[in-house]
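Chain IDs A, B, C and D follow the sequence of writing; residue 1 opens each chain.
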Amino acid sequence: MEQKCSAVIIGVGPEQGLGATLATFFAGEGLHVFIAGRCEDKLHKIADKIRQTGGSATPVVADATIELDVAHLFKKVRLDGFWVDIAAYNVDSNIPSPLLETDTETFTKLWQQNCLGAFFFGKEAINAMKERQQGTLFFTGATASLRAKPPFTAFASAKAGLRALAQGMAREFSPQGIHVVHVIIDGVIDGERARNQFPDYVRAKGKDGLLQLDAIAETYRAIHKQHPSAWTHELDLRPFKEPF
Amino acid sequence: MEQKCSAVIIGVGPEQGLGATLATFFAGEGLHVFIAGRCEDKLHKIADKIRQTGGSATPVVADATIELDVAHLFKKVRLDGFWVDIAAYNVDSNIPSPLLETDTETFTKLWQQNCLGAFFFGKEAINAMKERQQGTLFFTGATASLRAKPPFTAFASAKAGLRALAQGMAREFSPQGIHVVHVIIDGVIDGERARNQFPDYVRAKGKDGLLQLDAIAETYRAIHKQHPSAWTHELDLRPFKEPF
Amino acid sequence: MEQKCSAVIIGVGPEQGLGATLATFFAGEGLHVFIAGRCEDKLHKIADKIRQTGGSATPVVADATIELDVAHLFKKVRLDGFWVDIAAYNVDSNIPSPLLETDTETFTKLWQQNCLGAFFFGKEAINAMKERQQGTLFFTGATASLRAKPPFTAFASAKAGLRALAQGMAREFSPQGIHVVHVIIDGVIDGERARNQFPDYVRAKGKDGLLQLDAIAETYRAIHKQHPSAWTHELDLRPFKEPF
Amino acid sequence: MEQKCSAVIIGVGPEQGLGATLATFFAGEGLHVFIAGRCEDKLHKIADKIRQTGGSATPVVADATIELDVAHLFKKVRLDGFWVDIAAYNVDSNIPSPLLETDTETFTKLWQQNCLGAFFFGKEAINAMKERQQGTLFFTGATASLRAKPPFTAFASAKAGLRALAQGMAREFSPQGIHVVHVIIDGVIDGERARNQFPDYVRAKGKDGLLQLDAIAETYRAIHKQHPSAWTHELDLRPFKEPF
């Protein structure tokens, strides 16, 4: 049986979110997309939408922080007869919290979602890619990946852990043909989450003051297409208006 | 009852180790030292030695990765009638491991020891210091805090998480008079651990090729004594011969 | 008179070099290219080649370290009736030299070529772009931009100066619609210079061990096309085999 | 003739300045101090004050950006029969300037003062130290060494160049016993310059909101005293109140 190419994306939630957008983009490139997230309804909606525009998609309910879920996701990819061309870890959970009010559960959960899950996902993705010695593995970082600012200390700690993880993976697996990328999203994404959580901020920033979903996905696509002789490991993405 | 000054050090193990050395130094400065670690025997040996040289010390068995142990340690300090002038998180556990061979337990344990425990300890220390608006809180980092190199990716991820945690604490609590310090130990410490784990390396490096315990402690002391108008948050310590 | 779009590239030398390749790529995108460098012969050869493939190009003899030359280059662009869509500062001169053997002339020349010229060029480019509030300004950095390793200390000092310059420009002019990009080339470019200067190294690395010119140019193109809501300021480019 | 120990400090200006304070401190440690700067009057005043408190000092008029002046300074040290134990490059000139208003003279002058002069001084200091394989070489950096923020882009470019220079020197000469230190002063020094240039800012910050001169000098002293097995190459100094 001939194996086909796929993209595996975890952290897929709202239709107007980065996970869904990446899935749509990579489906548009002709890849079958496995979309994983915790909410079956949302996954089905996105898969349907992808199919309506001629793409193909498989929704897989999975919690990135549960090792077995992640293993099951990649097992499904394998059993369905797919190579993994692209794997994107797109889980991003942020909870602002002054340090003394941050409880152990919050600190741990942020680490599990932003870092431990990436460890599970990264290992599985590399295992799926290493035979062919090719594939692109994306991790989505944030401003906090580089700089810990209260009240985001716990989040920054987790994101810094993710950044180091991605960097170590790049050093270990680039020579084996696996392109590991850490994307620092420095700003707020113009998606459903921001619009629900802080509508005033969204309005105040204006359209180009927020990262447009398609604009982010375009860069992921360009980075995936890079020739192995000139790979990017880390880059920032920031609205032109955003102070930094 | 008049409260007295103390230093609280966690991660105290072998006599020829950084925890024990810091304890001895701070005891030499006239502070009562609380020394915490997992091994009661070792703690007693070190406490005895400190007392023999005129200092005073309280050994407290505590595992830094267990929140209750850390809480109990600081509760004891309080009940014994001490302020906390210095708190040092000196837990440092490193396990080299190629990424695909790193299991979840190892990845998690390294994070618990290098980062989560620091979160427990840091919160308790700040709570103990904030009333007086003074105190120095040390975190011991490593080369890997800045740079993830296989086979130390899991360790680097944990240490990067610690670094961000320390940075966020510094930003949040410096203005309240608490001096948060992240010390990057870039090299191998000339202590019992290195001599047991890689004796050949120790011999090859020669005396000044390894960080001398007293030399490290001298700098901790100098940083603790800094005037609040000119505090150091981060510094490296490295043998003069060490390539970097 | 309707103004047309152009790319202005300085540091154009050998046909098998990054400057010439960027010029060819941007000409392929339909931009008129102004190619500037010190050697008239080389510029004419490249301009001819661009014309033969349907592009249009103007060679301008200019030394990037001479302010008047740079001013003259942009004056010519203006007088010829062109907007500047892309400006690329591609001067890169590296001289390995142990510090005590580095003379003042070398230290100064490296700074002039890698940093001062970029200041001249950047100012002119921004002046040319600011009216329309659009344009992409590229600076080519190197491994040494981030890390000073002997015997490249003088080079690293100049490149670090360039990096800060680019970063300051990005902070100042991004909000005015000008996209300032700092590209860190981490490795050796497979071009005429490397083949002449260290042929053995080139052979040893093998094809994908060196950055392919077209591969680099593809990324410059992708970055130029980014939507303003998600701009990259800094990224690295590195052969997959390159240790880092 | 037995050679005696000395500290050589360049960038000595007002009595209430870092250069003068470092000189006073090192004289207090028993070192003869060579104090160099552009203003003879100021140098004599400081030398007199040092002598009155039992120290010994030689004023040398020298412009750090003039190679011959720097060479002459170190020649004098040699001819007077002194080793160099400490050398401190303390020239720090900052001119805020929006990029398009920054002229070539300003850009160049900032580089000469913050970076080129450090190259002259560093080479001479290393030449003076290398025979004995000991000595500490300080470079004074600033917030801008790490981060280019308008309107300080030109200053940041020069300071980034200095930082790389210091880093390259540390890598090259630490193994030869020379301790190279880069101190990042992150904040405003409570000295004559700040009081004259922005008195309102000084008042608003309050005493501990500015770096106290003695506090800075204490840390230089502690770093100089570090044992070679645990040297610091880079550290920050910041008022506890200073946001970062």
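In the analysis below, a residue touches a chain if its C-beta (ideal position, glycine included) is under 8 Å from a C-beta of that chain, and two chains touch if they have at least 3 such contacts.
Remember, it's a predicted structure, so these values are computed and weren't measured experimentally.
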If a chain touches subunit C and subunit D alike, it appears here: none
Reference subunit B; chain at largest CA-centroid distance: C
Interface sides of subunit A and subunit C: same vs different residues, half threshold: same
Cα-centroid distance, subunit A relative to subunit B, in whole angstrom: 34
CA centroid of subunit B to CA centroid of subunit D, Å: 32
Computed distance of Cα centres, subunit C from subunit B, in Å: 46
Residue numbers of subunit A (touch at least two other chains): 171
Overall pattern in which the protein chains touch one another (line/ring/star/complete/other): ring
Pairs of chains satisfying the touch condition: A-B, A-C, B-D, C-D
Contact set on subunit A toward subunit B in their complex: 67, 98-100, 102, 104, 107-108, 111, 115-116, 119-120, 122-123, 126-127, 144, 147-154, 156-165, 167-169, 171-173
Parts of subunit B lying in touch with subunit D, wherever the complex brings them together: 170-171, 174-175, 177, 179, 190, 207-212, 214-216, 218-219, 222-223, 225-244
